[in-house]
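Take a look at this one; I'll ask things after.
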């Protein structure tokens, strides 16, 4: 693991702006991006990722790598929460364990974007269908989390709140951010199929503006993450360890799966990043509604306060070196 | 006076069922309760902030909806207090 | 405590005329009254949301402005209630 | 009337995003674009339409088609509210009839934009001065609506609220959205006359970004429209019928006026769309202040919940086929 | 009920020290007091608007924090009033 | 002083949009840009100015003009508040005098941007390092202002509020807008040094969009300034006179300093504008927290209601003609 790629990653504008945001909190600057401006950027990024992904999928068509990759992605988002749950149960009750585990099974779109930016700066190619994997990995983890609560929870949960399967599917598939990402993907796909001039006209908005908007949003994420970090102290060292260990562990599994799928280095990194990243949008929103017994500060502070910065700043280059070192091995 | 959050729809349904003459909602409230901290910076995540709901109504109406509201609040968190108020 | 909306300027003028020591305005309130529903999603149209105005003042001041405020509210809608409050 | 253009219209990004927004409400997704973000996009769109229109008018100059078209536009926005008023009086009191009628006499800028996008995708030319028609049709309908209230209302309206002519002119000309559109038009015109480099520097903002911002705004409009639609049920079937019949009727008149004016197919469509569309920005805001007796849910739910989606999704292609079929007829 | 502004952090610290069971904050309030006018249009400058803080708590707690809050408010401006309220 | 450059300045889109905003208030239009949208644009502008400035500084390197210019800039922002303080003390107490003086010693980024746009439209070159001067002139004036309060204030200020040097430095250097500008400058510098592709990808956001965003923000500034102006009446004619006289006086000193530094006409104008402009972001925010005894309506209404419009609309061309007439003089 060289130090150079990490430094190169840190010196890219998105990461620099993230650090600026974080430092502003540490130095107690009153820099603030008031609500709902961050929402504007998060909606924009989801819309743009989805739209561009849909176009790419339509362009590349369903090559014979697409289906295995997407299936593996879904599988990972089903398996990771189970592993996470088993680990977390050593210390936490069913509710908190399920909620945190679901967050780590799901993904962080901004971490994914950052990995794409990293690849672009390194001039490493990747495929548009990986956005499909991004979109498909959000919901299954939520479903697993809620099923874990449904079957492992103590029997004395208030009756009126029994989770029916329909409620579980609703929260996992119709959650605002999942819905926007998925449907923008479809819009991109349909537009690319039937209306190529529409793509050209969208390009300045979804394409050219993207990098700058990403920087602006990461500025805010830096502020939020740094505000969250101190709250982790209350959560205890077990959870702090988990927030660093779990992404590394997931990345490790991810690399071997990527190797098994014979993904190129670009796609492999994105796959690994999806495994390693944890959700702070869709999953917390869903868990707040369906598992109010879980402490939101646990699943938010870990994902947003520690795992997210870790991935953004040093995780991605580490995963890249994992990919470069493990995938080319002739055989297991 | 009530404090609630994303279960706003449920609470409003309760209010409507009780036939309150009206209500006012102020969203984007934040705060700390015995169980949860809600901060503005998380609003973009979809976690939502709190909602502050004010209802001016007769005592009987309050009695009618007390149980339903208590139920909602005990599950999702939130507080509800009553003050005397006379119309201007 | 008063509930009003786009006639905020008129109400504030009334308050100022009555020489209230101060007031606080919270805009972006929504709600339902006997006559109208005001929702946040229409704010972009220029319809505007409600405003929640709080005034801490002496009883006499309230009496002075009662008629003017009632007049405004009866035309455009809104409610006004009074509670006892002592300074901290 | 072919089905193909409708499908083609529906498959353009702006309409697709509109549908996504509407579907999110139907499926009870918690997707939400919180205030005041929609206001940002509506302000932006008005500013950009006006600015670009002003440039076009300056470029094309006042050809001999401009004056008759603009006069006809004003005329239509005076006549339509009168017709609408007569129809609505069968069921509603003076206040509600006048307010709803004014909305249908006025225009919807976003419907106009959608028609422009439709023409561009169909590669049909149109002229910039049609934005002038857009700007000029907002106010007269408000004036007619308020005059109807002034002269037809029962004599016992509270005295203090007697509408003076100055108040009527103020509401109709200085309404925020009317004012921004008109003044941006003037800025565009002045810039094009005296400062061509200013146009180049504005182009990325008002030009390139426009299509994407339109999509984002239509996503919100889809949400809002779908939330409004159910409230129409309370309004009764008369109003529902009116919300569909009136735009078709107005479009029909509009086509014949366009034919009389010898407008080309692009300008003709825009003219027809102006006639057929109904206002949900300027008119409701003005009516809320000046005619509080009218129920805002009536004039908003019809225009925004039904007429707007109808025009956006299937109205525009229908009007195009009307234009294509009626205008070329050798004589009436 | 308290009115304050950018010294929100200080006030919340006072509240926390007094061990209040919870509080609710509504930012973006504007208003006029005896000394200052706070308007929404200046929010972008970083001047900030007012914050409206509501605390439901026992009388004793109020007594405990009275002096600290008075101190903050007398320096930066703001008002605090107390009303009776019973839990629903 | 010719009238032509003033007219030309007024006919540029940013100034036109500023006037539109101001006129909307005068005519009582209900045009409104609700909070926190203006904050979005002000954050964006600071970020973009800083980022572009950092790139320029990295590109041009530290020529031998850079250091003297930056030193002179800092000096000006230390001296101007002292002069201002002495003048203001004729009429105001220490608190108000110090707060207002600090505002005039500091700078207005938007005035600076407008001057840049003016130079571009006049095709006059200027250097990127002037953004460095912009960034460096914000804090010293705050420090001087607070030191004036510390040492000249009556001894009976509440004890608990004694201003320690650390608090003064904190307010002056870590104020949100100072911090964002400075740190974006560093990000721009670092990106230009190590990651040139990052600059290309940021360009649509920080570069192309800039002019349009500037116009949009100035629309709001026009509204705000026009709402502020009437409150100046309460402030009395002394302060009104000060708000016009002080920028002219500072510009005059600035021209001679620029001449002494042998700055080219572009850089000279920017230097003069920095001297002449007054802060309505960083300084008021800092003063509100540290000198609550000062009336915010004084230092905001003067800077925002009078000095800012004066500079934007007629000040800049006046300063340009000052620069053109005084700098070429062979000797004093």
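As written, the chains take the letters A, B, C, D, E and F, and residue 1 is the first residue of each chain.
In this section, contacts are C-beta pairs under 8 Å (C-beta built on N, C-alpha and C of every residue); 3 or more make two chains touch, one makes a residue touch a chain.
Just so you know, these numbers come straight off a predicted model, no measurement behind them.
For chain E, the chain whose average C-alpha position is most distant is D.
Among the other chains, the CA centroid farthest from that of chain A is the one of C. In this assembly, the C-alpha centroid of chain C lies 33 Å from the C-alpha centroid of chain D. Computed centre separation for the pair chain B/chain E is 20 angstrom, with centres defined by C-alpha atoms. Each chain gets a centre from the mean of its Cα atoms; for chain A and chain D, those two points are 41 Å apart. Annotation for chain A: residues touching 2 or more other chains are 30, 34-36, 39-40, 175-176, 204, 208-209, 285. Counting partners per residue, chain C has 26, 28, 40, 43, 46, 83-84 as the residues that reach two or more other chains. Listing the residues of chain D that touch chain A in their complex gives 8, 11-13, 16-17, 20, 23-24, 27-37, 40, 120-121, 204, 208-209, 211-213, 215-216, 219. The touching residues of chain E, when paired with chain F in their complex, are 6, 28, 36-37, 39-49, 71, 75-77.
The touching residues of chain D, when paired with chain F in their complex, are 35-36, 39-40, 43-44, 47, 51, 170, 174-176, 179-180, 183-184, 187, 190-191, 194-195, 197-198, 201-202, 204-206, 208-209, 285. In the complex of the two chains, the chain E residues touching chain B come out as 21-28, 54, 56, 83-88. Across the complex, chain E is touched by residues 34-36, 38-39, 41-42, 158, 160-161, 175-177, 220, 223-224, 227, 280-282, 284-285, 288-289, 292, 295-297, 300 of chain F.
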